[in-house]
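Please read through the structure below; I'll follow up with questions.
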Amino acid sequence: MLRRFAALPAWARYSAAAALGILVLSFVQALEPGGLERLTSENASGAMLRWSVPILLAGLGGLFAERAGVVNIGLEGMMVLGTWAGAYGYLHGGPWMAVLVGLLGGAVGGLLHAIATVTFKVDHIVSGVAINILAPGLVRFLSQYAFAGASGGSITQSPVIHGLPLVTVPFLAGGDLFGWKTPDILGSITGWNIFFLSDITAFMRGFAVNVSIFTLLTLAMVPAAAWLIWKTRFGLRLRIAGEHPVAGESLGVNIYWQKYKGTVISGALAGLGGAFIAMELTGFYREGQVQGRGFIGLAALIFGNWRPGGVLIAAFLFGYPFGTALRDLDGRSTHALLLLIVVGLAAIAVVSFRRAKRVDAILAGGMAAGFLVWYLLTETAPDWLPNALPFATVLIVLVFASQRLRMPVADGRIYVRGEEL
Amino acid sequence: MGAAIELTGISKRFPGVVANDRVSLTVEEGEIHAICGENGAGKSTLMKILYGMLMADEGRMVVGGKEVRFRSPSDAIDLGIGMVHQHFMLADQFTVLENVILGDEPTRSLGRIDFKKARAHLDEVSKSYGLTLEADELVENLSVGERQRVEIIKVLYRGAKILILDEPTAVLVPQEVEDLFRNLRELKKSGATILFIDHKLQEILAIADTITVLRQGRTVATVKPKDVTAADLAELMVGSELPTPTKVGSTVTDRVAVEVRGVTVLDADERPVVDDVSFEVHHGEILGIAGVEGNGQAELVDALVGTRTVSRGQVLLKGEDATNWNVRRRREAGLAYVPQDRQREGLLLVAPLWENVALGHQTRPPFVKGIWFDRKGARARTEEVRRDFDVRTPNIEVTAHSLSGGNQQKLVVGREMASEPEIFIAAHPTRGIDVGAQAQVWEDLRQARAAGMATVLVSADLEEIIGMSDTIVVMLRGKIVARLDPDTVTPRDLGSYMTGAHLPKEAG
Amino acid sequence: GDDDAATTTAAPTTAATTTTAATTTSAGETTTTAPAVVVPDFCLEIPGAAEAVADGTGVTVGLTFDLLGRGDQSFNDAAACGADWARFYFGVGINEITPTDEAARATDLQLQAENSPIVIGNGFSFEAAFPAVCENNPDVNFAITDTSMLNFGATPPAPYCDNARGMVFAEHEGSYLVGVAAALKSETGKIGFIGGVSGIGLIEKFEAGFIAGAKSINPDIEVVSEYVSAFPDFAGFASPDRGKEIALAMYGEGADVVYAAAGLTGSGMFAGAKEYSEANDVHVWGIGVDSDQYLTVGEELQPYVLTSMIKRVDVAVFYAIYDHLTGNFTAGPSTYDLAAGGVGYSTSGGFIDDITDQIDAAIAQIVSGEVVVPTDPTTIP
Amino acid sequence: MSLGRRIVMALAAPVLAIGFAVLLSSIVLVISGSDPFQAYKDMIGNATRLEIVVDMLNRGTPLFISGIAAAIGFRMNLFNIGVEGQYQLAAFFAAVVGAHIFLPSVLHVAAIVLVAMVVGAAWSGLAGWLKVRRGINEVIATIMLNAIALSGILAWLTVEWRDGPLTPNSGTKRIAESGWLPDLNSWLEVFTREITGGRELSAVLLFAIVAGIVYHVFLNRTRAGYDLRVSGYNAGAARAGGVRSDRMIITAMIYSGAMAGLVGLVDILSRYHRFDADFFSGLGFAGIAVALIGRNKAFGMAIGALLFAFMDVSSPILQITKSATREIVTILQGTILLASVVAYAAVSRYRQRDEARVAAALLAEKGVA
């Protein structure tokens, strides 16, 4: 069955997966004592979207570097540069300048990483760690001069900045079109209150109502990245640097250049993610506001099997519990997510069992039982759960699936022109 | 007609090595020009210079009558030169098509690759040379022969008129070599010039129009095949008679040192790579294992050494069931091992020589004193190895990385022999080392054999196998397909067993 | 004497520079007239400051900020205002230090103690480091905000040192006032409370006062409460991103006035108020905390700042310095409540001008003791 | 290579890196209108006071231990990014257990140390297990485990096990005095004047020294250390040489985690005697920096830790003398780190090439083919 699923075209696979996800969510929330509707509401998807975007950008950033064979755990630091640069850009030219400068700020981090790893052959992890340590110090220092004088600014934060305009999509969600208020198709269907169908439309509406242009641009980057990587000369040459650099070199492809490109783009995207956090989520630059999203982005990249679509799904998976938990004023949504984990683990257990992987089946089954007990014995989830949940999810998934993931063959290897192997 | 390529006075130095020393080479248009020489003679380096992957330190290159200077392979490609490298240059995760078009992609607007056009061109090329390939297959799924075809098509796709093939036959079975040669002749007919590197003299004589021999970075001769014999060629290559391994008398005892009973090893896909293999090696005996590379010898060696699990069957060392022993236990029981890939399995490249010499023996004197690692003992032993095995190094504090490949090999063989093993598993022990050192290793093996050492010798060098072994077994597709007497077998016979041309005489 | 004063005043802090650039000359220039001492214009007047007379010439104050440092538009700026006023009135010098991490707190405080006779630690985060430092520097006076500096390990709880003052505020009383305002302004009968960090016994006071104040106006009012993070995760005080999301959720559920007692996180709430109002063609409110946030959120968000619960950290800091200068420094807990002017509410923007009477009435009730504001939200029916 | 040449080679990278960092920072300071010489003078002047030396040692101690923890992994080509989570988890359990047991002094301290090491080792070993048995790259595994430890387990347990009234600074129950480590002031004062300001030189320093020596001796002089190193150099060769590299991975992670367990002990044994919100976080990442600067060598890391500690501890003086911004040290630290990894990579490549060249030249001289 899985094989037949894999044979479907990409759009069909993603839609089917999304529908399945929403279906499970509808069941899970129906089972929650007293019932819930908010897990599939437009607010839930809207929040998920907002919290996914920086992770998605970081993940896409990681994608470009690692496709070129450069492991980038400096994403976190590059996002930090992006948050600062975004704010700086905003204060010197408004929101679009913020996007641009944020992007450049991250790109500078990427360039640094490229210089260290490609030109000086420093180990990728070492350089990444160094950048992660360097970046916060650098921006704190710069803030002393850039922000500390301004009203509301200090060494740890910038004055207030604002995001790109919000839009509501015409027709789908009833946005305006040249002053004409279009019909709200998704909204109407949601209003009919049909199980599952209305859940889907409500959830979809969250993508169309009051979304930042920044968010829409980021979403558009996913197919764009896929197209770029798989369909263009740029992508083919980038990928050879990650798969078999010597082969590329032997055909006249300049591998160092590919790696530079990939790593700088990687930094730029991470920087965009940082700018997004500062502009759209926080409303100013502030020390420490990245909060590990760079690392989560890296996890999303692995989880997404080094593919743009996979990264998107992973970003949603991370963003959803964060968003849900924040909007969870009575603690019940997060509690319902426990059941979601149970369902997921049980599914893994069943699949493992059918593939005769006994250890996996027992491991997954045991964990499912544990979470089920937890679910049944409590009414609300603890505050820390949403913070730890995404990481635990990734780890659990990797425990059962890491063998199925395939990273670029030469990923993380130091490449020296003229040296084989 | 003029020469397609004229190289004059090409020199290339690497740190410490002169790879090419004023080499000159003239290749006529439309000929198949073979280049031969020992390992490290500088053949690949010369070809890489011609292909723009390396830049010569000195010398002139004339291609098609014009003097050229290549800065990257693209420059060479532009002049119609293509190269098939010694090691495959293919990305496993790319499709055949992607591998072929890389670097020369037909594009539409925005850098989109015009796959349709590319595929059409690929089809055209492969059809006109009779090299069929599935364009959308992942290279991962191709056989070795198919990969080679991809490599050749890669070159032809770019419209190359001058083809360089660096040891294309090394990985091929005879049948595939036949196919390849047929293709090369086709190409020649259609006007291509072919430069062809090979070690196997028979093959060279069979296909080449002209032969150039390199030795230690210099051109020593350019000859026509009809004027020379294989023996002549060999002498040109090494500068003297090839030393031949010969053994003196039999020292085989009746005590069994290694017994392998029905051993089966499975690969990741659960397919048997070593299939129900059984044999015995006695003290004082050398068992030679012959076979085309990739027929299970490597896995069998791993199973003997303990780096790979045995799925069925047993390995007995000196009468004890060692099937489940780990490597260390086997080594402590007196087993020594020369791995086939010294850099991957034999050496700690970034560590000093004396740390390298301890490897594998670190649990026994002179390397250990109680819980302590005995540096003094290790250094003393390393000096011994250096002296006895003629490892050429300024001192024993340098890293293994700074030794030449031959000296690295001598270090590995020396360290294993110095432990005075009772059981010796040697995979290609003389690969890549010079003639003198080769003779030395053979002499050491003979002496140890006389002292009662049991040896399993895996080698691709048939002379070595025949000359050194007391018994020969041949492996094909994981099975032992023949047991032969070295005194009666000829290399030609052995070759035909290895390729399966003979029916198995004795079932393994 | 003179020299010292000159250097400290000639190097005005950055916040001051921007506001009155015209009066400051570049540092180090020899000017015949001493540069005027400036106080940022968002600083509130200190009640009774004009009557306080002391000579602080040659005395430096070791002002130690919490991790955010000066410029946080809130807590640290308030403390800075207090010190700036002290410089203005008494001519003291200020040594400002902002620790870079937890481990730096103790060493930074010690460094301050070695250079200043009075050391201010701004924020409860200094509590752990203080006992050792105050004990080891018996000649220095210490004042720390937001904690009573009582050792609860002793029975009855006793001050750690006899040279350390713990300055606490009756935040519940101030929150009661903005609760009153919220209830009066709410049209939906539903209001919200966003707390920074739960489980530290501090923010619950705000919540209790807010709810009590709101119920005093409308007993049926519904209050939704949410904490951004829980002890030991202190991110809740500095996560505007999360604050905005929570605020959006609250507005979405019908609350039209939300009070954030969550430090920096509150600015996210105002951003949420703006976003929600614009998207839904309504006007919802946010209530600020600690300082008058109308003055700090920026022009675009000002229309959404109903009022702020003001905690006069500046007053506490100012008088700690004053007491030190006049030799009246007392150790132990000192509470700044409504009666003492330690808490209050702001009227900037004029959005609550119509209800100040009712709020002032509430003040009178509390000051007179007629109303006792609860400190524990769970005790409110 | 001659000894002199070796020393020059060994020192080239760090000296270059520090020189570059100082130069860059000076330029930055000049641009921002400060006098770099005054700033450095202030910092060094401050740091030469006995009290600041004590602060420096106290700050450097956990940095150094954390550096060793990271280095054990690095020597094995394992990137244990998880020291951060491991040491905090370890310190927490050590504090809780320490507060609930009553033993004679030495035993009490020993028990606390043991718990810390065991917990650190367990959490780190889990990452090793995930790598070996489940094929999860240790970088990813430890990043995930960090987050789970810090925002999951610790967040949960700190609430469960907090003691006393709910204040922002509440923590676990305080350890009885038998579980405190005496300070080393009297030792140091033998050589110096009296230490003022109530500063206590934490005896965890002794642990650090011992740990440094054990680390060096174990790795370089013992058979087990040889096994560990060998599998770091080349796992394939190690396997063929009878070293079980799978097991070595788990072993190394366990050693690394056990060492990480010691990182938090300055707070637990010497300073606060409990785990609370003020517990020193961030040492795991700082330790990675120390390991990178010290090239995983005990001595180098000691220098690196002291260097970082010096900058941390002496920089606040800049806020008082106002000769420069305190934040300049963050630039200094970051640049030293990045510059030194670049310099090491460059020097080591240069050295390799040089060695090969020297080797070949020597051979040519001897006239052998």
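For clarity, chains are labelled A, B, C and D in written order, and residue numbers in each chain start from 1.
Following the convention adopted for this analysis, a residue touches a chain if its C-beta (ideal position, glycine included) is under 8 Å from a C-beta of that chain, and two chains touch if they have at least 3 such contacts.
Remember, predicted model here, so these are calculated numbers, not experimental data.
A.B. asks: Which chain maximises the distance between its CA centroid and that of subunit A?
C.D. replies: Between subunit A and the rest, the longest centre separation is with B.
A.B. asks: What's the distance between the Cα centroids of subunit B and subunit C, rounded to whole Å?
C.D. replies: Computed from C-alpha means, the inter-chain centre distance equals 76 Å.
A.B. asks: Using Cα averages as centroids, what's the distance between subunit A and subunit D in whole Å?
C.D. replies: Whole-Å distance between the two chain centres: 32.
A.B. asks: CA centre of subunit A versus CA centre of subunit C: separation in Å?
C.D. replies: About 37 Å separates the centre of subunit A from that of subunit C.
A.B. asks: Which parts of subunit B, given as residue numbers and ranges, touch two or more other chains?
C.D. replies: Nothing qualifies.
A.B. asks: In subunit D, what residues contact two or more other chains?
C.D. replies: 151, 155, 330
A.B. asks: What are the residues of subunit A that contact at least two other chains?
C.D. replies: Residue numbers touching two or more other chains: 140, 155, 382-384, 387.
A.B. asks: So which chains end up touching which?
C.D. replies: Touching chain pairs, listed by label, are A-B, A-C, A-D, B-D, C-D.
A.B. asks: Along subunit B, where are the residues that touch subunit A in the complex?
C.D. replies: Going through subunit B, the ones touching subunit A are 51-54, 72-75, 77, 83, 85, 87, 89-94, 98-99, 101-105, 107, 110-113, 154.
A.B. asks: Which subunit A residues qualify as touching subunit B in the complex?
C.D. replies: 231-234, 236-237, 239-240, 243-244, 246-254, 406, 408-409, 418, 420
A.B. asks: Where on subunit A is subunit D touching in the complex?
C.D. replies: 73, 112, 115-116, 120-123, 125-127, 129-138, 140-141, 144-145, 155, 292, 295, 298-299, 302, 382-385, 387-388, 391-392, 394-395, 398-399, 402-403
A.B. asks: For subunit D, which residues are in contact with subunit C within the complex?
C.D. replies: The contact residues of subunit D facing subunit C are 51, 55, 59, 151, 154-155, 158-159, 162, 164-170, 174, 197-199, 271-272, 276-282, 312-313, 316-317, 319-320, 322, 326, 330.
A.B. asks: Given the complex with subunit D, which residues does subunit B contribute to the contact?
C.D. replies: Subunit B reaches subunit D through residues 15-17, 216, 305, 307, 326-332, 337, 339, 344-351, 355, 358-360, 362-363, 367-368, 371-373, 375, 392-394, 397-399, 401-404, 434.
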